[in-house]
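What follows is a pair of complexes built around chain A, which joins chain B in one and chain C in the other.
Presenting the complex of A and B:
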(Lines of atoms letter the chains of each structure in order from A and count residues from 1; the text may use other names and numbers.)
(Lines give C-alpha, C1' and ligand atoms only; values in the text may rest on other atoms or scores of the structure.)
Protein backbone atom coordinates (compact mmCIF):
# COMPACT_ATOMS: atom_id res chain seq x y z
CA UNK A 1 0.00 0.00 0.00
CA UNK A 2 2.99 2.27 0.46
CA UNK A 3 3.60 2.20 -3.29
CA UNK A 4 -0.07 3.12 -3.95
CA UNK A 5 0.33 6.07 -1.58
CA UNK A 6 3.50 7.19 -3.40
CA UNK A 7 1.93 6.73 -6.85
CA UNK A 8 -1.13 8.79 -5.90
CA UNK A 9 1.11 11.55 -4.61
CA UNK A 10 3.28 11.45 -7.77
CA UNK A 11 0.29 11.48 -10.13
CA UNK A 12 -2.08 13.86 -8.37
CA UNK A 13 -0.02 15.74 -5.80
CA UNK A 14 -2.54 14.67 -3.14
CA UNK A 15 -1.29 13.10 0.07
CA UNK A 16 -2.87 10.20 1.88
CA UNK A 17 -2.68 11.35 5.48
CA UNK A 18 -4.23 8.35 7.24
CA UNK A 19 -4.77 4.75 6.22
CA UNK A 20 -6.66 1.88 7.91
CA UNK A 21 -5.46 -1.69 8.14
CA UNK A 22 -6.91 -4.09 5.53
CA UNK A 23 -10.36 -5.20 6.69
CA UNK A 24 -12.66 -7.86 5.31
CA UNK A 25 -15.40 -6.43 3.07
CA UNK A 26 -18.73 -7.78 4.25
CA UNK A 27 -21.61 -7.34 1.79
CA UNK A 28 -21.86 -4.73 -0.94
CA UNK A 29 -19.88 -1.51 -1.30
CA UNK A 30 -21.84 1.74 -0.92
CA UNK A 31 -20.12 4.03 -3.40
CA UNK A 32 -19.23 7.60 -2.47
CA UNK A 33 -19.97 8.74 -6.04
CA UNK A 34 -17.02 7.84 -8.29
CA UNK A 35 -15.98 4.24 -8.55
CA UNK A 36 -13.44 2.63 -10.86
CA UNK A 37 -12.82 -1.06 -11.14
CA UNK A 38 -10.27 -3.10 -13.04
CA UNK A 39 -10.13 -6.88 -13.28
CA UNK A 40 -6.98 -8.95 -13.62
CA UNK A 41 -6.36 -12.56 -14.50
CA UNK A 42 -3.43 -14.95 -14.77
CA UNK A 43 -2.74 -17.87 -12.45
CA UNK A 44 -5.48 -16.32 -10.30
CA UNK A 45 -8.28 -13.79 -10.88
CA UNK A 46 -9.41 -10.71 -9.05
CA UNK A 47 -10.30 -7.07 -9.19
CA UNK A 48 -9.02 -3.78 -7.88
CA UNK A 49 -11.53 -1.04 -7.05
CA UNK A 50 -11.11 2.58 -5.99
CA UNK A 51 -14.03 4.60 -4.67
CA UNK A 52 -14.14 8.25 -3.68
CA UNK A 53 -16.42 11.30 -3.56
CA UNK A 54 -16.72 13.46 -6.72
CA UNK A 55 -14.89 16.43 -5.14
CA UNK A 56 -11.75 14.38 -4.50
CA UNK A 57 -11.93 12.63 -7.89
CA UNK A 58 -12.26 15.97 -9.73
CA UNK A 59 -9.30 17.41 -7.82
CA UNK A 60 -7.15 14.35 -8.52
CA UNK A 61 -7.81 14.36 -12.26
CA UNK A 62 -7.44 18.15 -12.48
CA UNK A 63 -4.01 17.91 -10.84
CA UNK A 64 -2.98 14.93 -12.95
CA UNK A 65 -3.97 16.50 -16.27
CA UNK A 66 -3.20 20.12 -15.51
CA UNK A 67 -6.74 20.99 -16.67
CA UNK A 68 -9.55 22.14 -14.41
CA UNK A 69 -12.26 19.44 -14.27
CA UNK A 70 -15.67 20.52 -13.02
CA UNK A 71 -17.95 17.69 -14.11
CA UNK A 72 -17.84 13.97 -13.40
CA UNK A 73 -19.58 13.44 -16.76
CA UNK A 74 -16.72 14.99 -18.74
CA UNK A 75 -15.05 12.40 -21.03
CA UNK A 76 -11.52 13.41 -20.07
CA UNK A 77 -12.38 13.16 -16.37
CA UNK A 78 -13.65 9.59 -16.84
CA UNK A 79 -10.51 8.71 -18.83
CA UNK A 80 -8.34 10.23 -16.09
CA UNK A 81 -9.94 8.23 -13.29
CA UNK A 82 -9.67 5.05 -15.39
CA UNK A 83 -6.00 5.72 -16.14
CA UNK A 84 -5.24 6.40 -12.48
CA UNK A 85 -6.68 3.00 -11.55
CA UNK A 86 -4.82 1.38 -14.45
CA UNK A 87 -1.50 2.76 -13.19
CA UNK A 88 -2.11 1.78 -9.55
CA UNK A 89 -3.36 -1.72 -10.41
CA UNK A 90 -0.55 -2.13 -12.95
CA UNK A 91 2.02 -1.31 -10.30
CA UNK A 92 0.46 -3.75 -7.80
CA UNK A 93 0.31 -6.51 -10.43
CA UNK A 94 3.93 -5.86 -11.41
CA UNK A 95 5.00 -6.47 -7.80
CA UNK A 96 2.87 -9.65 -7.53
CA UNK A 97 4.14 -10.98 -10.86
CA UNK A 98 7.77 -10.38 -9.98
CA UNK A 99 7.40 -11.97 -6.53
CA UNK A 100 5.09 -14.90 -7.26
CA UNK A 101 5.21 -15.35 -11.06
CA UNK A 102 1.41 -15.07 -11.33
CA UNK A 103 1.39 -13.81 -14.93
CA UNK A 104 -1.39 -11.33 -14.10
CA UNK A 105 -2.66 -9.12 -16.90
CA UNK A 106 -5.10 -6.22 -16.60
CA UNK A 107 -8.38 -5.73 -18.42
CA UNK A 108 -9.38 -2.18 -19.38
CA UNK A 109 -10.71 -0.20 -16.39
CA UNK A 110 -14.39 0.68 -15.94
CA UNK A 111 -15.68 3.86 -14.28
CA UNK A 112 -19.09 4.38 -12.65
CA UNK A 113 -20.39 7.70 -11.39
CA UNK A 114 -23.64 8.53 -9.65
CA UNK A 115 -25.47 8.93 -6.38
CA UNK A 116 -26.45 6.04 -4.09
CA UNK A 117 -24.64 3.38 -6.15
CA UNK A 118 -24.15 -0.06 -4.67
CA UNK A 119 -21.35 -2.24 -6.03
CA UNK A 120 -21.62 -5.98 -5.52
CA UNK A 121 -19.20 -8.65 -6.66
CA UNK A 122 -20.53 -12.14 -6.23
CA UNK A 123 -18.24 -15.09 -5.46
CA UNK A 124 -15.22 -12.97 -4.60
CA UNK A 125 -13.89 -12.35 -1.10
CA UNK A 126 -12.58 -8.84 -0.70
CA UNK A 127 -10.66 -6.62 1.68
CA UNK A 128 -10.78 -2.86 1.84
CA UNK A 129 -8.52 -0.11 3.06
CA UNK A 130 -9.97 3.26 4.00
CA UNK A 131 -7.73 6.26 3.63
CA UNK A 132 -8.05 9.99 4.18
CA UNK A 133 -6.69 12.84 2.11
CA UNK A 134 -6.95 16.55 2.80
CA UNK A 135 -9.76 16.65 0.20
CA UNK A 136 -11.82 13.67 1.33
CA UNK A 137 -11.86 9.92 1.88
CA UNK A 138 -10.77 7.23 -0.58
CA UNK A 139 -11.52 3.53 -0.32
CA UNK A 140 -9.44 0.83 -1.99
CA UNK A 141 -11.03 -2.58 -2.32
CA UNK A 142 -9.19 -5.67 -3.54
CA UNK A 143 -10.77 -9.03 -4.29
CA UNK A 144 -9.31 -12.37 -5.32
CA UNK A 145 -11.30 -15.37 -6.46
CA UNK A 146 -10.76 -17.91 -3.73
CA UNK A 147 -10.24 -15.22 -1.10
CA UNK A 148 -7.49 -13.32 0.68
CA UNK A 149 -6.06 -13.86 4.12
CA UNK A 150 -6.40 -10.64 6.18
CA UNK B 1 12.56 20.59 -38.36
CA UNK B 2 10.96 19.16 -35.22
CA UNK B 3 10.78 15.40 -34.69
CA UNK B 4 7.37 13.84 -35.41
CA UNK B 5 5.79 11.61 -32.77
CA UNK B 6 2.98 9.04 -32.98
CA UNK B 7 1.10 8.24 -29.74
CA UNK B 8 -0.55 4.81 -29.47
CA UNK B 9 -2.60 4.43 -26.26
CA UNK B 10 -6.26 3.67 -25.57
CA UNK B 11 -6.54 6.44 -22.96
CA UNK B 12 -7.54 9.94 -24.16
CA UNK B 13 -6.00 11.22 -20.91
CA UNK B 14 -2.58 9.85 -21.89
CA UNK B 15 -2.93 11.37 -25.40
CA UNK B 16 -3.69 14.69 -23.80
CA UNK B 17 -0.88 14.60 -21.21
CA UNK B 18 1.77 13.30 -23.62
CA UNK B 19 0.78 15.81 -26.30
CA UNK B 20 1.25 18.68 -23.81
CA UNK B 21 4.68 17.40 -22.77
CA UNK B 22 5.86 16.76 -26.32
CA UNK B 23 4.55 19.96 -27.90
CA UNK B 24 5.82 21.96 -24.95
CA UNK B 25 9.28 20.63 -25.69
CA UNK B 26 9.33 21.29 -29.42
CA UNK B 27 8.09 17.95 -30.80
CA UNK B 28 5.23 17.57 -33.26
CA UNK B 29 2.55 14.98 -32.47
CA UNK B 30 1.59 13.82 -35.96
CA UNK B 31 -1.22 11.47 -34.83
CA UNK B 32 -2.92 9.63 -31.96
CA UNK B 33 -4.03 6.01 -32.22
CA UNK B 34 -6.22 4.19 -29.71
CA UNK B 35 -5.21 0.60 -30.47
CA UNK B 36 -2.27 -1.32 -31.89
CA UNK B 37 -3.78 -1.96 -35.31
CA UNK B 38 -4.52 1.72 -35.83
CA UNK B 39 -0.97 2.45 -34.61
CA UNK B 40 0.59 0.15 -37.21
CA UNK B 41 -1.54 1.69 -39.96
CA UNK B 42 -0.61 5.24 -38.93
CA UNK B 43 3.08 4.32 -38.67
CA UNK B 44 3.07 3.05 -42.26
CA UNK B 45 1.19 6.09 -43.49
CA UNK B 46 3.07 8.83 -41.60
CA UNK B 47 6.53 7.34 -40.91
CA UNK B 48 7.02 9.25 -37.62
CA UNK B 49 10.47 9.63 -36.02
CA UNK B 50 9.33 8.27 -32.64
CA UNK B 51 6.42 6.13 -31.40
CA UNK B 52 5.04 6.01 -27.84
CA UNK B 53 3.25 2.68 -27.45
CA UNK B 54 1.05 1.36 -24.62
CA UNK B 55 0.69 -2.42 -24.08
CA UNK B 56 -2.87 -3.14 -22.93
CA UNK B 57 -5.18 -1.97 -25.71
CA UNK B 58 -8.22 -3.41 -27.49
CA UNK B 59 -8.08 -5.01 -30.99
CA UNK B 60 -4.27 -5.33 -31.07
CA UNK B 61 -1.98 -4.96 -28.05
CA UNK B 62 1.23 -2.96 -28.01
CA UNK B 63 3.64 -5.92 -28.12
CA UNK B 64 1.98 -7.24 -31.29
CA UNK B 65 1.95 -3.77 -32.83
CA UNK B 66 5.68 -3.32 -32.14
CA UNK B 67 6.40 -6.67 -33.83
CA UNK B 68 4.39 -5.62 -36.91
CA UNK B 69 6.19 -2.28 -37.17
CA UNK B 70 9.70 -3.64 -36.49
CA UNK B 71 9.25 -6.52 -38.96
CA UNK B 72 8.94 -4.02 -41.79
CA UNK B 73 10.78 -1.00 -40.40
CA UNK B 74 13.85 -2.07 -38.43
CA UNK B 75 14.87 1.58 -37.99
CA UNK B 76 11.59 2.50 -36.19
CA UNK B 77 12.19 4.11 -32.78
CA UNK B 78 9.65 2.83 -30.28
CA UNK B 79 9.24 3.78 -26.62
CA UNK B 80 6.93 1.54 -24.65
CA UNK B 81 4.96 3.48 -22.03
CA UNK B 82 2.83 1.24 -19.86
CA UNK B 83 1.36 0.65 -16.41
CA UNK B 84 2.75 -2.92 -16.24
CA UNK B 85 6.47 -3.46 -15.79
CA UNK B 86 7.11 -7.03 -14.67
CA UNK B 87 10.10 -9.04 -15.87
CA UNK B 88 8.06 -11.20 -18.25
CA UNK B 89 6.42 -8.29 -20.04
CA UNK B 90 9.69 -6.37 -20.25
CA UNK B 91 11.33 -9.37 -21.83
CA UNK B 92 8.48 -9.71 -24.36
CA UNK B 93 8.85 -6.03 -25.20
CA UNK B 94 12.58 -6.37 -25.69
CA UNK B 95 12.13 -9.40 -27.96
CA UNK B 96 9.56 -7.47 -30.01
CA UNK B 97 12.13 -4.75 -30.59
CA UNK B 98 11.15 -1.97 -28.17
CA UNK B 99 13.98 0.57 -27.85
CA UNK B 100 13.09 1.97 -24.42
CA UNK B 101 10.68 0.72 -21.76
CA UNK B 102 9.05 3.32 -19.48
CA UNK B 103 6.63 2.64 -16.66
CA UNK B 104 3.71 5.01 -15.98
CA UNK B 105 3.25 7.44 -14.34
CA UNK B 106 5.51 9.79 -16.26
CA UNK B 107 6.69 13.37 -16.09
CA UNK B 108 8.27 15.70 -18.66
CA UNK B 109 11.81 14.76 -17.65
CA UNK B 110 11.20 11.01 -18.05
CA UNK B 111 9.69 11.50 -21.53
CA UNK B 112 12.23 13.97 -22.88
CA UNK B 113 15.19 11.98 -21.50
CA UNK B 114 13.90 8.81 -23.16
CA UNK B 115 13.62 10.56 -26.52
CA UNK B 116 17.10 12.03 -26.14
CA UNK B 117 18.44 8.50 -25.63
CA UNK B 118 17.15 7.14 -28.92
CA UNK B 119 17.31 9.96 -31.46
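Presenting the complex of A and C:
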Protein backbone atom coordinates (compact mmCIF):
# COMPACT_ATOMS: atom_id res chain seq x y z
CA UNK A 1 0.00 0.00 0.00
CA UNK A 2 2.89 2.30 0.77
CA UNK A 3 4.31 1.58 -2.72
CA UNK A 4 0.99 2.49 -4.33
CA UNK A 5 0.52 5.73 -2.44
CA UNK A 6 4.08 7.01 -2.85
CA UNK A 7 4.63 5.96 -6.43
CA UNK A 8 1.24 7.16 -7.67
CA UNK A 9 2.05 10.61 -6.32
CA UNK A 10 5.56 10.54 -7.78
CA UNK A 11 4.51 9.31 -11.22
CA UNK A 12 1.17 11.01 -11.79
CA UNK A 13 1.14 13.88 -9.32
CA UNK A 14 -2.22 12.63 -8.08
CA UNK A 15 -2.66 12.32 -4.33
CA UNK A 16 -4.53 9.56 -2.56
CA UNK A 17 -6.53 11.66 -0.14
CA UNK A 18 -8.39 8.90 1.69
CA UNK A 19 -7.84 5.18 2.03
CA UNK A 20 -10.14 2.56 3.55
CA UNK A 21 -8.90 -0.17 5.86
CA UNK A 22 -8.14 -3.44 4.03
CA UNK A 23 -11.36 -5.42 3.67
CA UNK A 24 -11.81 -9.05 2.75
CA UNK A 25 -12.94 -9.51 -0.85
CA UNK A 26 -15.07 -12.55 -1.45
CA UNK A 27 -15.91 -13.69 -4.96
CA UNK A 28 -15.63 -11.69 -8.14
CA UNK A 29 -14.56 -8.11 -8.75
CA UNK A 30 -16.73 -5.64 -10.65
CA UNK A 31 -14.43 -3.33 -12.57
CA UNK A 32 -14.97 0.42 -12.86
CA UNK A 33 -13.71 0.43 -16.46
CA UNK A 34 -9.91 0.33 -16.47
CA UNK A 35 -8.15 -2.46 -14.73
CA UNK A 36 -4.53 -3.56 -14.58
CA UNK A 37 -3.29 -6.71 -12.96
CA UNK A 38 0.07 -8.31 -12.30
CA UNK A 39 0.27 -11.90 -11.17
CA UNK A 40 3.25 -13.39 -9.37
CA UNK A 41 4.66 -16.73 -8.29
CA UNK A 42 7.35 -17.83 -5.89
CA UNK A 43 6.96 -19.30 -2.40
CA UNK A 44 3.39 -18.10 -2.75
CA UNK A 45 1.27 -17.05 -5.70
CA UNK A 46 -1.07 -14.16 -6.12
CA UNK A 47 -2.27 -11.10 -7.89
CA UNK A 48 -1.98 -7.34 -7.52
CA UNK A 49 -4.77 -5.41 -9.22
CA UNK A 50 -5.57 -1.72 -9.61
CA UNK A 51 -9.00 -0.71 -10.84
CA UNK A 52 -10.28 2.77 -11.61
CA UNK A 53 -12.78 4.67 -13.76
CA UNK A 54 -11.65 5.81 -17.24
CA UNK A 55 -11.56 9.54 -16.29
CA UNK A 56 -9.01 8.96 -13.52
CA UNK A 57 -6.94 6.56 -15.62
CA UNK A 58 -6.80 9.02 -18.52
CA UNK A 59 -5.75 11.84 -16.19
CA UNK A 60 -3.04 9.69 -14.64
CA UNK A 61 -1.47 8.71 -17.95
CA UNK A 62 -1.84 12.26 -19.30
CA UNK A 63 0.13 13.51 -16.28
CA UNK A 64 2.73 10.75 -16.62
CA UNK A 65 3.34 11.18 -20.33
CA UNK A 66 2.76 14.91 -20.70
CA UNK A 67 0.43 14.10 -23.59
CA UNK A 68 -3.33 14.56 -23.37
CA UNK A 69 -5.07 11.19 -23.42
CA UNK A 70 -8.69 11.03 -24.51
CA UNK A 71 -9.26 7.39 -25.39
CA UNK A 72 -8.94 4.29 -23.25
CA UNK A 73 -8.29 2.26 -26.43
CA UNK A 74 -5.17 4.25 -27.31
CA UNK A 75 -2.05 2.09 -27.18
CA UNK A 76 0.10 4.64 -25.37
CA UNK A 77 -2.58 4.95 -22.71
CA UNK A 78 -2.72 1.17 -22.19
CA UNK A 79 1.07 0.98 -22.07
CA UNK A 80 1.14 3.81 -19.51
CA UNK A 81 -1.32 2.07 -17.20
CA UNK A 82 0.61 -1.21 -17.53
CA UNK A 83 3.91 0.50 -16.75
CA UNK A 84 2.45 2.26 -13.74
CA UNK A 85 1.33 -1.07 -12.30
CA UNK A 86 4.66 -2.64 -13.19
CA UNK A 87 6.53 0.01 -11.20
CA UNK A 88 4.21 -0.20 -8.19
CA UNK A 89 4.08 -4.02 -8.10
CA UNK A 90 7.83 -4.19 -8.76
CA UNK A 91 8.53 -1.96 -5.78
CA UNK A 92 6.18 -3.93 -3.51
CA UNK A 93 7.71 -7.16 -4.78
CA UNK A 94 11.22 -5.98 -3.86
CA UNK A 95 10.07 -5.08 -0.35
CA UNK A 96 8.32 -8.46 0.13
CA UNK A 97 11.30 -10.41 -1.21
CA UNK A 98 13.77 -8.49 0.93
CA UNK A 99 11.72 -8.72 4.12
CA UNK A 100 10.26 -12.22 3.81
CA UNK A 101 12.48 -13.93 1.24
CA UNK A 102 9.44 -15.00 -0.79
CA UNK A 103 11.32 -15.26 -4.07
CA UNK A 104 8.39 -13.72 -5.95
CA UNK A 105 8.70 -13.22 -9.70
CA UNK A 106 6.25 -11.04 -11.58
CA UNK A 107 4.51 -11.90 -14.82
CA UNK A 108 4.17 -8.97 -17.24
CA UNK A 109 1.34 -6.52 -16.49
CA UNK A 110 -2.05 -6.95 -18.10
CA UNK A 111 -4.47 -4.13 -18.86
CA UNK A 112 -8.10 -4.39 -19.79
CA UNK A 113 -10.77 -1.83 -20.42
CA UNK A 114 -14.47 -2.15 -21.10
CA UNK A 115 -17.97 -1.84 -19.72
CA UNK A 116 -19.64 -3.98 -17.05
CA UNK A 117 -16.51 -6.07 -16.65
CA UNK A 118 -16.32 -8.85 -14.10
CA UNK A 119 -13.00 -10.33 -13.04
CA UNK A 120 -13.23 -13.87 -11.71
CA UNK A 121 -10.34 -15.60 -10.02
CA UNK A 122 -10.36 -19.15 -8.78
CA UNK A 123 -9.27 -20.15 -5.26
CA UNK A 124 -7.78 -16.94 -3.92
CA UNK A 125 -8.27 -14.99 -0.74
CA UNK A 126 -8.17 -11.29 -1.48
CA UNK A 127 -8.24 -8.01 0.37
CA UNK A 128 -9.23 -4.77 -1.21
CA UNK A 129 -8.57 -1.18 -0.30
CA UNK A 130 -10.74 1.59 -1.63
CA UNK A 131 -8.96 4.90 -2.01
CA UNK A 132 -10.06 8.34 -3.12
CA UNK A 133 -8.22 10.86 -5.22
CA UNK A 134 -9.36 14.33 -6.23
CA UNK A 135 -10.24 12.85 -9.66
CA UNK A 136 -12.12 9.73 -8.61
CA UNK A 137 -11.94 6.44 -6.74
CA UNK A 138 -9.29 3.78 -7.11
CA UNK A 139 -9.50 0.21 -5.86
CA UNK A 140 -6.49 -1.90 -5.00
CA UNK A 141 -6.98 -5.62 -4.77
CA UNK A 142 -4.32 -7.97 -3.43
CA UNK A 143 -4.83 -11.72 -3.46
CA UNK A 144 -2.70 -14.65 -2.33
CA UNK A 145 -3.31 -18.26 -3.21
CA UNK A 146 -2.91 -20.84 -0.46
CA UNK A 147 -1.39 -18.51 2.14
CA UNK A 148 2.23 -17.52 2.56
CA UNK A 149 4.98 -20.00 3.34
CA UNK A 150 7.53 -18.06 5.35
CA UNK B 1 8.70 -17.06 -31.68
CA UNK B 2 10.25 -20.50 -31.82
CA UNK B 3 7.80 -23.40 -32.25
CA UNK B 4 9.32 -25.12 -29.21
CA UNK B 5 7.68 -22.44 -27.04
CA UNK B 6 4.29 -22.77 -28.72
CA UNK B 7 3.74 -26.49 -29.19
CA UNK B 8 3.54 -27.32 -25.44
CA UNK B 9 0.57 -24.96 -25.09
CA UNK B 10 -1.21 -26.51 -28.08
CA UNK B 11 -0.54 -30.04 -26.86
CA UNK B 12 -1.78 -29.11 -23.39
CA UNK B 13 -5.03 -27.61 -24.70
CA UNK B 14 -5.64 -30.68 -26.86
CA UNK B 15 -4.91 -32.99 -23.93
CA UNK B 16 -7.15 -31.16 -21.43
CA UNK B 17 -10.04 -30.75 -23.87
CA UNK B 18 -9.74 -34.46 -24.65
CA UNK B 19 -10.30 -35.20 -20.96
CA UNK B 20 -13.66 -33.44 -21.27
CA UNK B 21 -14.60 -35.39 -24.37
CA UNK B 22 -13.76 -32.64 -26.86
CA UNK B 23 -11.59 -34.45 -29.39
CA UNK B 24 -12.25 -33.01 -32.84
CA UNK B 25 -9.62 -30.29 -32.72
CA UNK B 26 -8.05 -28.68 -35.76
CA UNK B 27 -5.70 -25.73 -36.09
CA UNK B 28 -7.58 -22.98 -37.90
CA UNK B 29 -5.10 -20.12 -38.18
CA UNK B 30 -1.86 -18.77 -36.87
CA UNK B 31 -1.12 -15.08 -36.57
CA UNK B 32 1.68 -12.98 -35.14
CA UNK B 33 0.98 -9.60 -33.61
CA UNK B 34 3.19 -6.78 -32.41
CA UNK B 35 1.42 -6.90 -29.07
CA UNK B 36 -1.21 -9.06 -27.48
CA UNK B 37 -4.47 -7.20 -27.82
CA UNK B 38 -7.68 -9.17 -27.65
CA UNK B 39 -11.30 -8.23 -28.19
CA UNK B 40 -13.37 -11.17 -27.07
CA UNK B 41 -16.48 -11.96 -24.98
CA UNK B 42 -14.65 -14.15 -22.48
CA UNK B 43 -10.92 -14.22 -21.84
CA UNK B 44 -9.05 -16.31 -19.30
CA UNK B 45 -5.37 -15.67 -18.68
CA UNK B 46 -2.45 -17.10 -16.75
CA UNK B 47 1.04 -15.69 -16.25
CA UNK B 48 4.23 -17.70 -16.54
CA UNK B 49 7.54 -16.97 -14.80
CA UNK B 50 10.81 -18.84 -14.67
CA UNK B 51 13.04 -19.72 -17.61
CA UNK B 52 10.50 -17.96 -19.78
CA UNK B 53 8.22 -15.12 -18.75
CA UNK B 54 4.95 -13.89 -20.16
CA UNK B 55 1.20 -14.29 -20.29
CA UNK B 56 -1.00 -16.79 -22.04
CA UNK B 57 -4.67 -16.09 -22.72
CA UNK B 58 -7.48 -18.29 -23.90
CA UNK B 59 -10.32 -16.35 -25.53
CA UNK B 60 -13.69 -17.57 -26.71
CA UNK B 61 -17.22 -16.42 -27.49
CA UNK B 62 -19.87 -16.57 -24.78
CA UNK B 63 -21.53 -19.51 -26.54
CA UNK B 64 -18.30 -21.49 -26.62
CA UNK B 65 -17.65 -20.56 -22.98
CA UNK B 66 -21.04 -21.99 -21.98
CA UNK B 67 -20.36 -25.21 -23.91
CA UNK B 68 -16.91 -25.51 -22.36
CA UNK B 69 -18.33 -25.03 -18.87
CA UNK B 70 -21.03 -27.60 -19.65
CA UNK B 71 -18.41 -30.11 -20.81
CA UNK B 72 -16.47 -29.55 -17.58
CA UNK B 73 -19.62 -30.26 -15.57
CA UNK B 74 -20.35 -33.63 -17.17
CA UNK B 75 -22.74 -32.18 -19.76
CA UNK B 76 -24.93 -30.25 -17.35
CA UNK B 77 -26.69 -27.54 -19.41
CA UNK B 78 -25.27 -24.04 -18.88
CA UNK B 79 -27.78 -21.35 -19.85
CA UNK B 80 -25.74 -18.38 -18.65
CA UNK B 81 -22.31 -17.68 -17.29
CA UNK B 82 -22.53 -17.27 -13.52
CA UNK B 83 -19.88 -17.07 -10.79
CA UNK B 84 -19.51 -20.84 -10.64
CA UNK B 85 -19.05 -21.31 -14.41
CA UNK B 86 -16.68 -18.33 -14.59
CA UNK B 87 -14.59 -19.85 -11.82
CA UNK B 88 -14.63 -23.18 -13.67
CA UNK B 89 -13.38 -21.52 -16.87
CA UNK B 90 -10.60 -19.74 -14.95
CA UNK B 91 -9.64 -23.14 -13.58
CA UNK B 92 -9.68 -24.55 -17.12
CA UNK B 93 -7.05 -21.99 -18.17
CA UNK B 94 -5.04 -23.08 -15.12
CA UNK B 95 -5.27 -26.70 -16.32
CA UNK B 96 -4.21 -25.77 -19.86
CA UNK B 97 -1.19 -23.81 -18.68
CA UNK B 98 -0.28 -26.24 -15.89
CA UNK B 99 -0.18 -29.07 -18.40
CA UNK B 100 1.98 -26.95 -20.70
CA UNK B 101 4.34 -26.24 -17.77
CA UNK B 102 4.69 -30.00 -17.21
CA UNK B 103 5.62 -30.48 -20.89
CA UNK B 104 8.19 -27.66 -20.66
CA UNK B 105 9.61 -29.26 -17.50
CA UNK B 106 10.10 -32.56 -19.37
CA UNK B 107 12.13 -30.53 -21.88
CA UNK B 108 14.32 -29.09 -19.07
CA UNK B 109 12.65 -25.70 -19.20
CA UNK B 110 11.42 -24.76 -15.75
CA UNK B 111 8.48 -22.46 -15.42
CA UNK B 112 5.97 -21.63 -12.77
CA UNK B 113 2.43 -20.48 -13.47
CA UNK B 114 0.59 -17.69 -11.68
CA UNK B 115 -3.07 -17.78 -10.58
CA UNK B 116 -5.65 -17.73 -13.40
CA UNK B 117 -8.23 -15.00 -13.90
CA UNK B 118 -11.16 -14.62 -16.23
CA UNK B 119 -12.68 -11.43 -17.55
CA UNK B 120 -16.12 -10.99 -19.08
CA UNK B 121 -17.79 -7.76 -20.10
CA UNK B 122 -18.86 -5.55 -22.96
CA UNK B 123 -16.50 -3.89 -25.45
CA UNK B 124 -13.56 -5.39 -23.59
CA UNK B 125 -10.09 -4.64 -24.91
CA UNK B 126 -7.26 -6.63 -23.42
CA UNK B 127 -3.57 -6.00 -23.67
CA UNK B 128 -1.61 -8.87 -22.21
CA UNK B 129 1.85 -8.07 -23.38
CA UNK B 130 3.71 -5.42 -25.25
CA UNK B 131 6.02 -7.79 -27.07
CA UNK B 132 5.41 -10.02 -30.05
CA UNK B 133 2.55 -12.43 -29.60
CA UNK B 134 1.46 -15.51 -31.41
CA UNK B 135 -2.23 -16.29 -31.71
CA UNK B 136 -3.33 -19.77 -32.63
CA UNK B 137 -7.02 -20.32 -33.34
CA UNK B 138 -8.29 -23.84 -32.97
CA UNK B 139 -11.59 -25.21 -34.13
CA UNK B 140 -13.39 -27.64 -31.88
CA UNK B 141 -16.83 -29.22 -31.87
CA UNK B 142 -17.95 -26.55 -29.39
CA UNK B 143 -16.52 -23.54 -31.22
CA UNK B 144 -13.30 -21.63 -31.76
CA UNK B 145 -10.72 -21.10 -29.03
CA UNK B 146 -8.01 -18.47 -29.55
CA UNK B 147 -4.78 -19.16 -27.72
CA UNK B 148 -2.67 -16.02 -27.33
CA UNK B 149 0.93 -16.65 -26.34
CA UNK B 150 3.03 -13.65 -25.37
CA UNK B 151 6.43 -14.70 -24.05
CA UNK B 152 9.68 -12.84 -23.48
CA UNK B 153 12.03 -15.28 -25.19
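Going forward, the second predicted complex is superposed on the first by the 146 of 150 C-alpha atoms of A that agree within 3 Å, B and C clash if a C-alpha of one lies under 4 Å from a C-alpha of the other, contacts with A are read in each partner's own complex, and residues count from 1 in each chain.
FYI, contacts are C-beta pairs under 8 Å (C-beta built on N, C-alpha and C of every residue); 3 or more make two chains touch, one makes a residue touch a chain.
As the structure is a computational prediction, the values presented were derived from the model and not from experiment.
Trainee: Of chain B and chain C, which one touches more of chain A's residues?
Mentor: Touching more of chain A: C.
Trainee: Go through the superposed model and pick first if A:4 touches only chain B, second if only chain C, both, or neither.
Mentor: A:4 contacts neither chain B nor chain C.
Trainee: Given the touch rule stated above, what does A:108 touch, chain B (first), chain C (second), both, or neither?
Mentor: After superposing on A, A:108 lies in contact with both chain B and chain C.
Trainee: Is A:98 touching anything from chain B or chain C once the two structures are fitted on A? First, second, both or neither.
Mentor: Only chain B; A:98 stays clear of chain C.
Trainee: Is A:141 contacted by the first partner chain B, the second partner chain C, both or neither?
Mentor: neither
Trainee: Of the partners chain B and chain C, which touch A:79 in the superposed model: first, second, both, neither?
Mentor: Both partners.
Trainee: Quick check for you: in the superposed arrangement, does A:117 touch first (chain B), second (chain C), both or neither?
Mentor: In the superposed model, A:117 contacts chain C only, not chain B.
Trainee: Touching A:25, do we find chain B (first), chain C (second), both, or neither?
Mentor: Once the two structures are laid over each other on A, A:25 reaches no partner at all.
Trainee: After the superposition on A, what does A:133 contact: first (chain B), second (chain C), both or neither?
Mentor: Neither: A:133 stays clear of chain B and chain C.
Trainee: Can you pull the chain A residues that chain B and chain C both touch?
Mentor: 75, 79, 82, 105-108
Trainee: What residues of chain C sit close enough to touch chain A in their complex?
Mentor: 35, 43, 45-50, 53-55, 83, 86-87, 89-91, 94, 112-130, 150, 152
Trainee: Provide the residue numbers of chain A that touch chain C in the complex, in ascending order.
Mentor: Touch residues, chain A against chain C: 27-28, 31, 35, 37-42, 45-47, 72-73, 75, 78-79, 82, 105-108, 110-124, 143, 145.
Trainee: In the complex formed with chain B, which residues of chain A make contact?
Mentor: 7, 10-11, 61, 64-67, 75-76, 79-80, 82-83, 86-87, 89-91, 93-94, 97-98, 101, 103, 105-108
Trainee: Applying the document's contact rule, which stretches of chain B touch chain A when the two form their complex?
Mentor: Against chain A, the touching part of chain B is residues 10-14, 16-17, 20, 56, 58, 82-89, 103-105.
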